[in-house]
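Some structures to go through are shown next.
What follows is chain A paired twice: with chain B in the first complex and chain C in the second.
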Partner chain A sequence: MEVKLHDIGEGMTEATINAFLVGVGEQVRADQPLVEVQTDKMTAEIPAPANGIIKGFNVKEGDTIRVGETVLIMGSGKASTAAKRASSATAQKTRIMASPFTRKLAREAGIPLEKVRGSGPAGRIMDEDIHSHLQVEPPPQETPVRTEADSIPFRGRRKQIASKMVRSVRTIPHCTHFEEIDVTELLAWKRDVPDVSMGAFFIKALSICLKEFPIFNGRLDEEQECVHLQHAHHIGVAVDTEEGLIVPVIRHVEEKTLKDIQKELKALTNKALNQTLTVKEASGGTFTVSNVGPLGGSIGATPIINEPEVALISFHKTKKRPMVNESDEIVIRSMMNVSMSFDHRVADGGTAVRFTNRLRDFIEKPGILLMEMI
Partner chain B sequence: MSIMTTTKTMTMVQAITDGLRVMLNERSDTLLLGEDIGTNGGVFRATDGLQAEFGEDRVLDTPLSEAGFIGAAIGMAVNGFRPVAEVQFLGFIYPAYEQIMTHASRLRSRTLGHYTCPMVIRAPYGAGVRAPEIHSDSTEALFTHMPGIKVVCPSTPREAKGLLIAAIEDPDPVLFLEPMQCYRSTREEVPEGKYTVEIGKGRTVLEGDDVTVIAWGAMVKVAEEAAKKAGEKGISCEVLDMRTLSPLDKDLITESVQKTGRTVIVHEAHATGGVGNDVLAIINDFSFLFQKAPVERVTGFDTPVPYFGYEDYYLPDTGRVLEAIERAAAF
Partner chain C sequence: MVEKRDLMVIGGGPGGYHAALRAAQLGKQVTLIEQGEIGGACLNEGCIPSKILTHFASEFRKQGHLQKMGMVMGEASIDLAKLKSFREEKIKGLRAGVEGLLRSRGVEVINGTASFLSENRIGIESGHQFSLFEFKQAIVAIGGKMVYPPGISMESPFVLTEREALTMTEIPEGLIVSGHDYVAIEIAAAYAALGSTVTLLMEGRLPFDQSIEREMKRLLKKQKVSVVTEVTIMSVSDDGGVEVDYESSAGTRQVNGTHLVLCGKSEADLSRAGLDRLPLECEGGKIKVDGEGRTSIPGVWAIGDVTPGPGLAIKAIKEGKVAAGAIAGDKGEVDLEWLPAIVQMDPPVACAGWSEEEAENRGYEVVCSEYPFRANGFAGLKEETDGMIKIVSEKGTSLILGIHMIGSGAVELISAGVLGLEMAARAEDFTFPLYPHPSSNEALMEAVEELTGHAVHLQRRRKKAVQ
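And then the complex of A and B:
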């Protein structure tokens, strides 16, 4: 029986083999995880379709394979009695004495008991032997080989991000528009509601702007020659993780309160950082936000649109700057830059400017947003 | 249920009488029956004065026939009473064994839950009081094997009263084992009025980290003494009183033996087929990987309980339990 890579999530076409969880000759039960694979959105395990024995692997760890390709071959039935006898004979030769708890300790520390010298009665391995073995022999660490250049793997999630970015830039004529927004008032307002983050506020304000400018919540369908203006505001939030950029999606922002958004934002960000997002939580967005402010430094960027969406907005670092007010006085204000990239096929600069103007109004005068929310 | 504010010093047998009195007052469906329990107050005086107080209709003297009065109690239970039958010694229960195993324990399942059998059989048991042959048997395992009957075994006066009241209120048959050795050996502050101790839950008598000592009935005290002596030698013991032998408190056993990894089971019944083996099976089922040493059993020997001259050799004592604790700790 061939075990193939099947589609385990929407739109998945290929995956990288992270690790095999079983060995050749091993007896497996139905639904026992056989192999861990990495798609562009998640890490998943492929389970055994039936009881059987692992006959061999068709791919290696690290390989990227397409849906439908064979991962491994399984045979039916049980391990032969001869094999079993042989293994028990070997077990007898290297009989190791240790209590179940000591065995558990060793297993958890990743120490093969054959390598431990027992100090107990009749050479029995004691808990202390495991502890001292750990101190004497620290687990082997890979020492990097010195070469002209260090190489890091370019596969799995990094490769998926790369191909997505290329596809987006190749197919969408990007146009980025910059704006600066005075957040002094919002910061003052936020002092009274410390539980709500700036991010949650921006997301709510964006949702109201999207209601007024639905084109930016659209999806271009070139075949049907139309732009679908989607009613639901599923806003993706770019999260910078060790594994690369992941975009969990807050669904139906248009129906949610600031508090709801804050709660979800926090939960999804944590899941993204812990690599526990489900496929559903990381797909189906209609508009994306990238809040790079907390990282500091950036005053502008040309963000790449999260295809097939129409636009994406980045919020940059807030800085105190001298500004000229309406009375021609120089005043100190907290200013934040935003960059908005949009698909120039479906929208023009004017619409984008009007969109960010409206957003600026909400952020500069939080009271206006309140009027829209009630 | 009254709120207990006062306590009174009692022996276990007084606590049992007090528990019976509370229930005779509380529930008009409670009846006591057994041989010589009326005027005479029972062989251990556990029902002393109750017939005078509640009358011959509530506290009944029966003929010398265990099968007869246990059978009568089953009939009463099915018909809406809560009989509490006294068997003079557990070793005398065998004529009634058929009634208990074939009828009392199966009424609920046989009638698909239409009838239950809310009765209690009180039975003094165990060695250590220099009683003649058969009077000292600990044959609790003969009853724990049968589903449908609960087996309860208190170790102190306070526990005895609370468990007895819970047993009388239980909708199913309960065999209530009273360790004779504990009847008058200790006194304890016992709450007045009504209170219950939950059936099916054990208790932690002493907390410790190195070895778990599991016991019930008269052996709890032996386990406690051995644990204290082990403590003087630097071995910290946790002592559990199972309180109910069927069903056993799996959670309590598991929690403790997973903490210590070493266990000593103490009971005075024979080792073969003893309840200790069920405790061992629970440890094997739930805590195998936590075991640092083989589980030790300190039990009576696989012989009939001997005549009183040799009784002390038969019963587990502090010395034997302490040795087992030390073996487990040193493994």
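And then the complex of A and C:
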């Protein structure tokens, strides 16, 4: 029986083999994960379609293969004793030496036990090992793998990001407009609600703007000659990770409170950074936000639309600048630039400006947002 | 009008009611919805009635021994009608107990059928009344539905499900039990003890360490249960009785009986609570959850038979408590590695940890010992000398990897084994403590001593002393 790479997410075409989770000759159960693959959005596992034994692999770790290609061959029935012995030589011992109480300590501290060295008898992990693990600095980030002299791999996620970007720019007539927004009051407002981040506020405000300008939450269907205006606001949040750009999606923002959004934003960002997003968590977006502010530096850029969406908005760094107020005085205000790219086939500049104006109003006077809350 | 609730638990089986009680203990306002009886499959149709049957059967078998010791009683016979009222009374009592606990913890219990309308709304239908609720958190604990092999008519009065088999009104003369796990073995062994001629057709092998499997087969045979493993049923015909054609490694065979019991497999039925309308991530037809019971939808949790893993109340209870804890802000984890496997036959089987074969497949070099209950004095005086204990440990470190037993008292004794496994105990951790004497506990201690050939009460060593 051939186990093939199947389509595990919206329109993926290829994936890179990250790791084999089983060995040749190993007996596997139906649904047991066999291979971990990496697509442009997430890591996923290919499960065994049935019980059987692993006969051999058709690919190597690091290979990039297309949907439909065979990953490995499985045989039916039980492993022979010879095969079993062979697999036992390579099998990993899995017993972790720690008592339930110690495991609880580790869980509460968020430390994976595999990372802790046990100082107790026979390498047993003791309570003190957890405490001391907490005190040492987190391990240094791994340096990117270098292949040959001064070259870095252009495959896997990077390559898939590249082809997606090219496709987007080729098919969508991008138009970007810029705006500056005074965030002084929002910063003041935020002092009272330290649990809510600026990001969560932007996402909520955007969702309210999308209700008024549903065109930007649309999806162009050229064949049917129409734009589907989608009711659900599934907002993608571009996260910059070691491995490149990933866009986890907060679903149904239109029904969520600021607190819910904050919680999900945090959880999804963490998962994106740890590469543990599921297919569902990183697909199905209807509008994308990219908050590059925290990275510093950028005062503007042309964001590339996450097709098939219609628009994408970027928030840039906030800076204190002298501004002229209504009484013609020069005052110091905290200013942030935003850039919004939209599909010029679907919407016009005027609509985009009205959209960002509305967004600006919410950000400049956070109290107004209250009026729009459900 | 939409009513608002903090935490709604859908399903009052062992998973659901444990979750509700634990969440209430941790200060949550809890609403529990149950469409049938509180206690679910476990209390009303599964664990409890099946254990009443197996207990009845093993007590019935003890009479010979009691009379031999000098207890004078008349000739024993079986009154299944009386057993029925005993069972109903016990179940009613246990259910009232749980209902009382829910009341005393302030859990709101709603009688009705819940169905999800969106990711945070539930409708509850009760008679002709329909109410709408909006929740912050919901725990799905709706259990599973039993699925039976296709092509066999369940209409026949001679073909029964495992649940019907627990409440038969007559002892069947010739019973054929077809199944895949402990449920089938329990039913087969119980009716054999009560006088039926029993054939047990198992889908796979008996799912235990090979030494235990061998001993189980021997004892079942001694109790006049013919056991056939790795069976595929080809056809069933019934005409005043049943005739089953099956295939096994021995070829195609036929067996006749008065009744056939089919033991099903528990599958999730997501249409039942409208869950199929939500974008829930699933795994093998069940709701996928993380180690604390979170589903792919924020605020929606799932526990018990509706989630992947073995369909056991043991698992449902643990998952219920962990999910309730997580909702209240605790950090918990469900880890089924050392889940004990139990068969309430006579004598019972209880195992935890890895079999010899499994430990080897995981890359361990293993040392095993086997200790027969025959060598235990207390078992001897009770005339309960059947069975044995097998210990699987790692060579060199004596880390205990598996404890497997068949013998009287095994179900209680395995708790010491599970605790040892959880603590990552080594042989010394089992042999150092003091054990009550005389007791079956000593058999566990000596089984571990036998890893080094030091079991005092074994006359002839089965293995040379190894270190």
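Just so we're on the same page, the second predicted complex is superposed on the first by the 270 of 374 C-alpha atoms of A that agree within 3 Å, B and C clash if a C-alpha of one lies under 4 Å from a C-alpha of the other, contacts with A are read in each partner's own complex, and residues count from 1 in each chain.
To be clear about the criterion, contacts are C-beta pairs under 8 Å (C-beta built on N, C-alpha and C of every residue); 3 or more make two chains touch, one makes a residue touch a chain.
The model shown is predicted, which means the values in this text are computed figures rather than measured ones.
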Once the structures are superposed on A, label A:127 by its partner contacts, choosing first (chain B), second (chain C), both or neither. first
May I ask you to decide whether A:260 touches chain B, chain C, both, or neither, giving the answer as first, second, both or neither? second
So, does A:55 touch the first partner chain B, the second partner chain C, both, or neither? neither
Touch check for A:108: first (chain B), second (chain C), both, or neither? second
Identify the partner contact of A:278: answer first if only chain B is touched, second if only chain C is, both if each is, neither if none is. second
Could you tell me if A:98 is touching chain B, chain C, both of them or neither one (first, second, both, neither)? second
After the superposition on A, what does A:31 contact: first (chain B), second (chain C), both or neither? second
Comparing chain B against chain C, which has contacts with more of the residues in chain A? C
Quick one: is A:231 in contact with chain B, with chain C, with both, or with neither? Answer first, second, both or neither. neither
Just which bits of chain A does chain B share with chain C as contact spots? 99-100, 103-104
Give the list of chain B residues in touch with chain A in this complex. 261, 288-293, 331
Listed in rising order, chain A residues that touch chain B in their complex are 99-104, 127
Would you tell me which residues of chain C are touching chain A in their complex? 119-120, 279, 281, 283-284, 296, 298, 331-333, 360-364, 394, 397, 399, 401, 422-424, 426
Residue ranges of chain A in contact with chain C within the complex: 27, 30-31, 84, 87-100, 103-104, 107-108, 122, 124, 251-252, 255, 260, 263-264, 278, 280-281
